[in-house]
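One chain, subunit A, links the two complexes that follow: it is found with subunit B in the first and with subunit C in the second.
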Partner chain A sequence: MRRSARLGLFGAGAAALATMLVLAIAGLPGFGRYPGPYGDAIEAVGESKTHATDLVTAVNFDFRAYDTLGEEFILFAAVLGIAIVLRDRRGERKRAPGAPGTERGLARPSAALGMVGLALVGPLVVLGIDIAVHGHLTPGGGFQGGLPLGAAVFLAFLAGEYAAMKKVAPHATVELGEAAGAAGYALIGLGGLLFAGVFFQNFIDRGEPGRLLSAGTIPLSNVAVALEVAGAFLLLWNEFSDQALLVVPEGEQGER
Partner chain B sequence: MTALQVGALVLVAVGAPVVALTRDPLRQALCFGVFGTALAILFFVFQAPDVALSQIVVSAVGLPVIVILGLVKLREEEGEGEEE
Partner chain C sequence: MTVLPYLVAVWVLCWGLYGIVTSRHLFHLVLSLGVAQAATYVLLIGVGYKAGAAAPIYADVPSATPVVDPVVQALALVDVVVEATVAALLLALALQTQKRFGTVDPDELHALKG
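Take a look at the complex of A and B:
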């Protein structure tokens, strides 16, 4: 196809898309004027039904907890897939950071950068726990809290402490944490089925709204999800960084 | 609409093409992190703090790390190819 014809086709397509986008956006309801009934219904009964003061978390872990289970296992399956694709191949061996040949890849950072990285580990852990356990009270929750938790451990690696990270979070522990988090969330659902008769129905005392220990199973779900997300991302980053440290021994390069 | 909201919208509108038009993947990953943070600010000033938190952790922490680690591996292999 000639260049002018390609440009013409693109121009026609882009003009049509732009027209439709403008029409669609012009037809949107104004900001804050949501016409559906769902938001108003949640707003009206959300807090009195779940005793959670953050209604987004209440929706995620109570009203549509089953959907969240699906999302949970999307993450789980995705990370599992990456772990399988990036598994160690026969003939590959790991080399420690600092070994010859890694200068280009993962050089040890400067002392200042390493110090700042290590100094941030503690605050990140506290931040992650804070966001996760207050999920039912203030914005946040298991997903938002789990990622800083995983990042805190990975920061040790970025600060050049590869051995320290492997000590705190060996592969098996990370995998176990991820699996325990995913299974824990599913078990909370099963608990609802056993003790309240409905999958993911709340089965423990909801307590007083606004307290740390309130909103029934929602804080438990947040902790389980935080564990799963922290494990999942740590596993993901681990797999990728292990790849960056893998070498294929001389003589086997032709096989690639 | 407040000035803060307009500012956040402009920041996102400028940031998105910058990310898309950056050619070097490493720079693109870093630009994406900044753009993601701008998006998080947008969500926050439009009263969606939960979404903003998810946005921060994914775009400023989760994704750039994966992209950069992928690049480390790729560049290493390119380097080995040159030596042969």
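Take a look at the complex of A and C:
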């Protein structure tokens, strides 16, 4: 289809879509006049049932824990898909991790960059753990805390020589971490089935609301999910970095 | 104006779609998809808002405080995670498209057979 024809078609479609959406919005209750009932129900029983003070986390890891399992496996499957899409193509060579020589097209990071990168690793790890383990108390949780954790390791990669660092933290270890996190969360669900008779039932003593060790299985779920998210994003970034840094393009085949 | 946040969601969605349709680069296309999806965050958080209510966190407010709907906020979190993974998967496909066809302009890809 020609570009102008496509734009015209889009214009007509978008105008119709916008009209329908505006009509639909006219039928919604006004902003700030929440009609319920789910939010009101969670508000009424959320804290007393789960003993978590962060209701969003309580929803994610208690009331909707089963859905979160699905969400976690979306992440797992997507990373798997990326690894498959970015697999070695025919006629493509990869530099061995830790192979001698500089990385293709990229100078080694400057001393200042390397130092700032390494200096940030510690604070990022602390931030990630802090967000993940306090997920049931204050805003945060496994998904939010896992990202800084993964970013911390990746920062160490980028601050050093990428290929050499891969020898220190090999792919298999990261994969194992991700799988352990994903399986750990599923096991928490099975624990509910075993000890309380319902999949993802909160089967650990809920303790006193507001304490670090409270809310039963919710903190454990946060830790498992943080591990999975950190591993998943680390794998994802590694796949893309491999493409940029290690894969030798077809044009440069005869170089070595 | 009691529908302004919802209109913002429609506006963001339409801009994202416009970006997808007029895109000349697959990377730009993936980002446009992200813009379109951002409309769902605005809508979700918007429908859960209660006038005068606090955030659904009881860490520093009494348990009787009215709070906004935590369910839609949890859904927004799901949304963010899915958006990030979908974007990553699409970018991986764009990367392979560049390698295979030597172009990332959707208009040029249209003419190629693979």
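Some notes on this structure:
Throughout what follows, the second predicted complex is superposed on the first by the 189 of 256 C-alpha atoms of A that agree within 3 Å, B and C clash if a C-alpha of one lies under 4 Å from a C-alpha of the other, contacts with A are read in each partner's own complex, and residues count from 1 in each chain.
Here is the rule we go by: a contact is a pair of C-beta atoms (placed from the backbone, for glycine too) under 8 Å apart; a residue touches a chain by one contact, two chains touch by 3 or more.
Not measured: the values here are computed from a predicted model.
Once the two complexes are overlaid on the shared chain, A:Pro148 sits against subunit B while remaining clear of subunit C. In the superposition on chain A, A:Pro139 makes contact with both subunit B and subunit C. Of the two partner chains, neither subunit B nor subunit C is touched by A:Gly114.
Residue by residue along subunit A, subunit B and subunit C are tallied for touches, and C comes out ahead.
Using the contact criterion defined above for the overlaid structures, shared-chain residue A:Asp54 touches subunit B and also reaches subunit C. Of the two partner chains placed around the shared chain by superposition, subunit B is the only one that A:Ser241 touches, whereas subunit C remains out of contact. With both structures placed on the common chain, the touch criterion links A:Ile131 to subunit B but leaves subunit C unconnected. In the superposition on chain A, A:Asp67 makes contact with subunit C only, not with subunit B.
Shared contact residues of subunit A, touching subunit B in one structure and subunit C in the other: 31, 54, 56, 139, 141, 143-144, 236, 240, 243. Against subunit B, in their complex, subunit A makes its touches with residues 31, 54, 56-57, 104-106, 131, 139-141, 143-144, 147-148, 151, 154, 233, 236-237, 240-241, 243-244, 253. Here subunit A touches subunit C in the complex through residues 3, 6-7, 10, 14, 17-18, 21-22, 25-26, 28, 30-34, 38-40, 42-43, 46-48, 53-56, 58-60, 64, 67-68, 71, 74-75, 78-79, 81-82, 85-86, 89, 137-139, 141, 143-144, 209-210, 229, 236, 239-240, 243, 249, going by the rule given at the top. Across the complex, subunit B meets subunit A through its residues 1, 46, 49-50, 52-54, 56-58, 61-62, 65-66, 69-70, 72-73, 75-76, 79-80, 84. On the side of subunit C, the complex with subunit A involves touching residues 2-7, 10, 13-14, 17-18, 21-22, 46-53, 55-59, 63, 66-74, 77-78, 80-82, 85-86, 88-89, 91-93, 95-96, 99, 107.
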